[in-house]
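In the two complexes that follow, chain A is the common piece, with chain B as its partner first and chain C second.
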Partner chain A sequence: MDLLYDTLFNGLAIGSVLVLAALGLAVVFGLMGVINMAHGELMMLGAYTTFVVQNIFKAVLPEALFPIYILVALPLAFVVSGLAGLLLEKTVIRRLYGRPLETLLATWGVSLILQQFVRSVSSAFAIGLVVAVVAGILVPRFTPKVWWQQRWTPLLGTGSWIVTGLVGVVIASVLGEQRVFDQPWFSARNIDVTAPVWLRGSIDVGVVNMPAARLFIIALTVVALLLVNWFLQKSVWGMRIRAVTQNRTMSDCLGIPTEKVDALTFLIGSGLAGVAGVAVTLLGSVGPNLGGNYIVDCFMVVVLGGVGKLAGTVLAALGIGILSYVVGSGSLLLVWPAMPEGLNAVITFFATTSMAKVLVFALIVVFLQIRPAGLFPQKGRMVEA
Partner chain B sequence: MRKTSLRLLGGATALATSLTLVACSGGDKAGGDFDGEVKVGILHSRSGTMAISENTVAEAELMAIDEINAKGGITIDGKKLKIVPVEEDGASDWPTFAEKATKLIDQDKVAVVFGGWTSASRKAMLPVFEAKDHFLFYPIQYEGQECSKNIFYSGAAPNQQAEPAVDWLLQNKGKDFFLVGSDYVYPRTANTIMREQLKANGGKVVGEDYLPLGNTEVAPIIAKIKQAMPKGGVIVNTLNGDSNVAFFKQMKAAGITPANGYSIMSFSIAEEEIAAIGPEYLEGTYAAWNFFQSLDTPASKEFTKNFKAKYGDKRVTSDPAEAAYMMVYLWAAAAEKANSVDDNKVREALIGVSFDAPEGKVTVMPNHHVEKRVLIGEVQKDGMFKILEDKGFVKPVAWNQYVPETKGYTCDWTQDRPDAGKYKM
Partner chain C sequence: MADLLSSRNLRRWLPWALIVLVALVLPVVLPPFRLNLLGRFLSLGIVALGVDLIWGYTGMLSLGQGIFFALGGYALAMYLQLNELKPGELPEFFSLYGVKSLPAFWQPFNSPLFTLVAIWVIPAVVAGLLGYLVFRNRIKGVYFSILTQAALLVFFNFFNGQQKLINGTNGLKTSTARIFGELIGSDAMQRNLFWLTVVITVAAFLLCRWLTHGRFGDALIAIRDDEPRLRFTGYNPTAYKTVVFAVAGALAGISGALYTVQSGIVSPQYMAVPFSIEMVIWVAVGGRGTLIGALLGAVLINYAKSLVSEALPETWLFIQGGLFLLVVLVLPDGLVGWWRQGGPGRLIAMVGWPPRTATYPALDLDPQVVAEQDQLERSGGGQG
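Moving on to the complex of A and B:
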């Protein structure tokens, strides 16, 4: 019985990380059909936000407030990743709707840009970038209007961006001479995010030892799920999102602003990735490569769960969590110590973390052979491509 | 619509130009009076997962080269030669290492290559160096069971790190061992050796588990550790890279800490990694290395001081950086002794060469490894090590004497025999 509780808790703990990480992707991929390879990097932005918030709390605010920094980091990470996602949607993904392959490649490129951005961003770099972008936006405002109605206007636009870009480069390299501006903010090294003390210990409930960080993540997952579910089912915009998902053309005809709906969906999905980024700082390393560690698992969960259904995502994540725990920890041997020799050998063989992962992947492949659309396939009319 | 996309294109072009320009800035400003040059290759991962660790090693090598050049370079035949590094990026991709090594040897005609970190990258380069009969200097502690004529190993062999560490744990910390490692050649081979060593010395392996590189879910391993040793015991950690962070954070949360009777010994955690993981998760755990920044000798302090002056105050020195730094000096000394930069002559001259390294006076042994100082340290609050035991200088053993397959074998490149790399003693 103890073992059952233990397994359930640990399975839940592993599963809840997967749910949280995959939730944003389930929204974006499930509702919009966008394969967002930069999802992991949006998580990374959330984790870096946590790092910045932590340092501000350490440096500026009184020590007594430090334990709650993580609660401040959560909404901020949502905003930062959400805005990054919004920018991504407005500039790249909007142009590629209905072209999954191009979206995949473009977002993968964006993920590389984001990784390199956190590696190399320094004050000089940031100031140069901001100056270039702001100047580029302002140029049309401060030049005669007629310039912008000519046949050669596109050339002028490109030219002005090149000029402002060069201005940015010059500013960045001039500032870069100064040591103060040249220091990278984060560098390519992993950074140290320290959980507050109340999240470092563990609580014994009955026979099960529950690490506080795990409990926090489980609670966070439940809250996030409830909020997302409420938003999609009850709020006006949520209903619009679902309407667009089911039939875009008809929704458009009925006056739903589909472009805004797309942007909002993407913002929420990206924001959720940011929240997941905060959560994973409690468990693992924070560095430019953080996203890559989670992206495959996220897609696995969403595909197994069935595109378009949150319930599927939750069930799939918990299933994978419990299965990988049971196999990886070898607890089957404890339940049935007298099992036949051959079976015993097989289970022992798979009872390491890396072999458990192989087995879980294999089982998912087999499952998808039987039910290609996942646990909860979308019923009725298909989402248009 | 068209206008915006063109503007966007313009913006992207501008951004790309700016990135290229930023990347191209900087250059070397060395000068002085030299009679010639000698090219050496530096081949580490400057991008990808391993870049975090390998950058430091490459930096230490460049620092040694700069220092030697500042003192007038190396003197061959009465001529002062300037050492010119040719840098290549292995990109954390093992086939790329082999490819770049070929390029350095054939195209750049370097005298020697300093490079590699993971055993996988070394195993990828080995055939290249053997086929071209060239010379690779490899600076990282590794799993042993190798002794190539064409590789010089300046990091620790298992008997200079893992074995003394296990002995120390057996004497001071307990008999029940749990082995955790990343799933690739180094941890698996190191754990094979440890299993044999424990069997021979009365210890017991109560469990063993491997995490794929980059994996961050440690819950199943924690469950196994708790089942196998509920009251505490010894955990030997050969994880590499990011997984370490997840491992220590989650272990702490689950109460597997030094305070609860668990002694944790890591073989891949140096000062650099502690800073990234956070000292509060590692305080009280152990590590075995040949050099610690806290080593209190004039040479060690000088090395750390110079490193910080060159690369920034916040930087720390570590064992891999020290091994990389000293191997450049060992090569320079061997070249001067041979009075040639030809790799075959340097190879012969190298054996017996000594250098006052930051860890102490190191000497190259006939098996292409180095006699090194063995230290055991405990992580302190400030992220530095307190040295608990100094086992002095230990001679390297390439072929492990605990593993039955290699017991009784040795390696001696001064012997004139075809099987000098591995023969029965």
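Moving on to the complex of A and C:
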């Protein structure tokens, strides 16, 4: 019986990470109808923030403070990912409003750039980038204003960005000659985050032995859920978000600043991705490809849960997480040895992580045949759902 | 000369000139390695045609074309593995996993005729089935994209996990197989395959042209622009969508088979998530909703990719990501669309060489007027 609880507990932990990761995606999708393919990369940013915070605590601060680094990393990861998401919304997604498929492609482009950025960023690279961006922004200020009202202004704009970009590349490659600047910060290899001591042990609850890290993840998820739920239900901005989700045009007419609501929601959704990134570092080593491993699962959660209620996201994420863990680990066979022969063969066939995914996704497609809009569909009377 | 360049005449002679150039001149000029690359890119053009049919014309963004691409590749590779084996022999990799007899689903691939049909029928049937299940429930837009991506991942995991059936991650090698007594990897064989690719690409192009010109094509465009309206007019969008998705699947299968024999291997990597999204960007850069754009985009982007990856491998992802952003934000109709909407003329006009315009150049090119025009086009042509 212990084994059963053990399996369920581990599945619950995996599902909790999925809840955290999919929560932000679901809120944003419900509000703006935007699928953010870079969501996984925002998680990755959260994970790398944890790594950086840990290294700072190791190198600079007294050893006694090390155990609490993860509590510092959590809000920082939220801020870093949230700001990255805000930038993405302001520069890209806002321009593509009402064109969800184009948004999907654009955010995929962003995710590729972020992945490669983490792999190849070095001091030289970062300095070159900052110089290029700052120079590019400053060019219009230091050139005659008349230049920017001409027929050839678009050419000038493009040209100035190309030139500043080249200047950045030149600076980066000149600095890259120096060894100090050329060292990549993270490189393409996976990074390991050492969990603080108090998260390394395990706690016995009744018959079940619970690893503290996973318990922490579950607790974190519960807290995050409560906070998000409080924010959406009780706060003024939460009410505005819900209003815009239900009927954007009407909210706009009634004076709700929909653009601000969009930006705020995107910030919060991205920040939650960052928090999920912190949780992922506790489960094992992470790398630039982290996003790709989670993103499709998160989409499945959104599709299965529907966008009407938070409960849909939670149920769907826990369901997918637990089911794929229970099937994939093959522990069903150990729990129930006296299984009939035919069933036994089927379960063995699916008892690897990748084959469990096959089964879970197939089940989701079947489920969508019965309820095409997910567990908790948004109610409405429109032709187009 | 000026007459030859007018758009009507251009349409008449340019395609033939291109075909002659690609089929007759390039095989002589290019070294075998480059020719082989071009052959691969042309076969990728076929899958791009399929993506264009379903995305550019019908407005359904499939992120799972890799499934059908790989299925076609696997079908041909299985035949090539079995071809010229003595009776009772098994393909080599089976011995690694201790498989004693050929799995049943391999058996039909002994027959070349079956294989030739299977290359496009199996992907078409899988696509049709998947499409029917999804379209029947009126799942569309981003939901459709996500589901196709999930399906892709299902197939990817399945093919990756099944060592005993299809050699799992390692895939099936075709370059060392023989056909008509000739090694497939040899230069002479590769040149023949190149010609075959050219012929099939032209055929696929003509098929898509036939499909998109006429009532069927009109229905597809109607689905893209206003599906409920089409439904209320008494059409059944599900049938049209299923058919066009199956056709795109078949094209992907053929493309995958051609690509496999020219690259020498088929592996689950063909079903990797990024590869299928790349297919969309080929079409987007070339110009969606234009068939020639899909072909051009596939060849251009892949050529650029191979050049950049040879010189500066680290920068390719930056360039690719930038391309996604650029195409979506600045060139929504791709290169061909930009060309057709008078993009070059506008570019020349910017440096003070006004083109022929309907009214006065000073009026037509006034920045404010242009901006207004852009805005109108954007608000009118904004589609999901």
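The rule is simple: the second predicted complex is superposed on the first by the 328 of 385 C-alpha atoms of A that agree within 3 Å, B and C clash if a C-alpha of one lies under 4 Å from a C-alpha of the other, contacts with A are read in each partner's own complex, and residues count from 1 in each chain.
The working rule: a residue touches a chain if its C-beta (ideal position, glycine included) is under 8 Å from a C-beta of that chain, and two chains touch if they have at least 3 such contacts.
Just so it is clear, the model here is predicted, and its values are computed rather than measured.
Colleague: In the overlaid three-chain picture, which partner chain does A:136 touch, first (chain B) or second (chain C), both, or neither?
Modeller: first
Colleague: Go through the superposed model and pick first if A:10 touches only chain B, second if only chain C, both, or neither.
Modeller: First partner only, chain B.
Colleague: So, does A:300 touch the first partner chain B, the second partner chain C, both, or neither?
Modeller: Second partner only.
Colleague: For chain A, which side has the bigger count of touched residues, chain B or chain C?
Modeller: B
Colleague: Quick one: is A:292 in contact with chain B, with chain C, with both, or with neither? Answer first, second, both or neither.
Modeller: both
Colleague: Classify the contacts of A:66 with the two partner chains as first (chain B alone), second (chain C alone), both, or neither.
Modeller: neither
Colleague: Tell me which partner A:231 touches in the superposition: chain B (first), chain C (second), both or neither.
Modeller: In the superposition, A:231 touches no partner, neither chain B nor chain C.
Colleague: Thinking of the overlay built on chain A, is A:33 touched by chain B (first), by chain C (second), by both, or by neither?
Modeller: Second partner only.
Colleague: Considering only touches as defined above, state whether A:95 meets chain B (first), chain C (second), both or neither.
Modeller: So A:95 meets both chain B and chain C here.
Colleague: Where does A:154 make contact in the superposed view: on chain B (first), on chain C (second), on both, or on neither?
Modeller: So A:154 meets both chain B and chain C here.
Colleague: Which chain A residues lie in the overlap of the chain B contact set and the chain C contact set?
Modeller: Touching chain B in the first complex and chain C in the second, residues 95, 120, 153-154, 292, 352, 354, 357 of chain A appear in both lists.
Colleague: Give every residue of chain B touching chain A within the complex, in rising order.
Modeller: 2-3, 5-11, 13-15, 17-18, 21-22, 25, 49, 51-52, 55, 183, 208-212, 214-221, 223-224, 226-227, 242-246, 249-250, 252-255, 275-278, 280-281
Colleague: In the complex, go through chain C and note every residue touching chain A.
Modeller: Answer in residue numbers: 55, 59, 61, 133, 136-139, 141-143, 145-147, 149-151, 153-154, 157-158, 160-161, 228, 273-274, 277, 280-281, 284, 314, 317-318, 320-325, 327-329, 332, 347, 349-352, 365, 367, 382-384.
Colleague: For the complex, which residues does chain A have touching chain C?
Modeller: 29, 33, 35, 92, 95-96, 98-106, 108-113, 115-117, 119-120, 149-155, 292, 296, 299-300, 302-303, 352, 354-355, 357-358, 361-362, 364-365, 368-369, 372, 383-385
Colleague: Which positions of chain A touch chain B when the two form their complex?
Modeller: 6, 10, 13-14, 17, 91, 95, 120, 125, 128, 132-133, 136, 153-154, 157-162, 164-166, 168-169, 172-173, 176, 188-195, 199-202, 209, 211-214, 280, 282-287, 289, 292-293, 324-325, 328-331, 334, 352-354, 356-357
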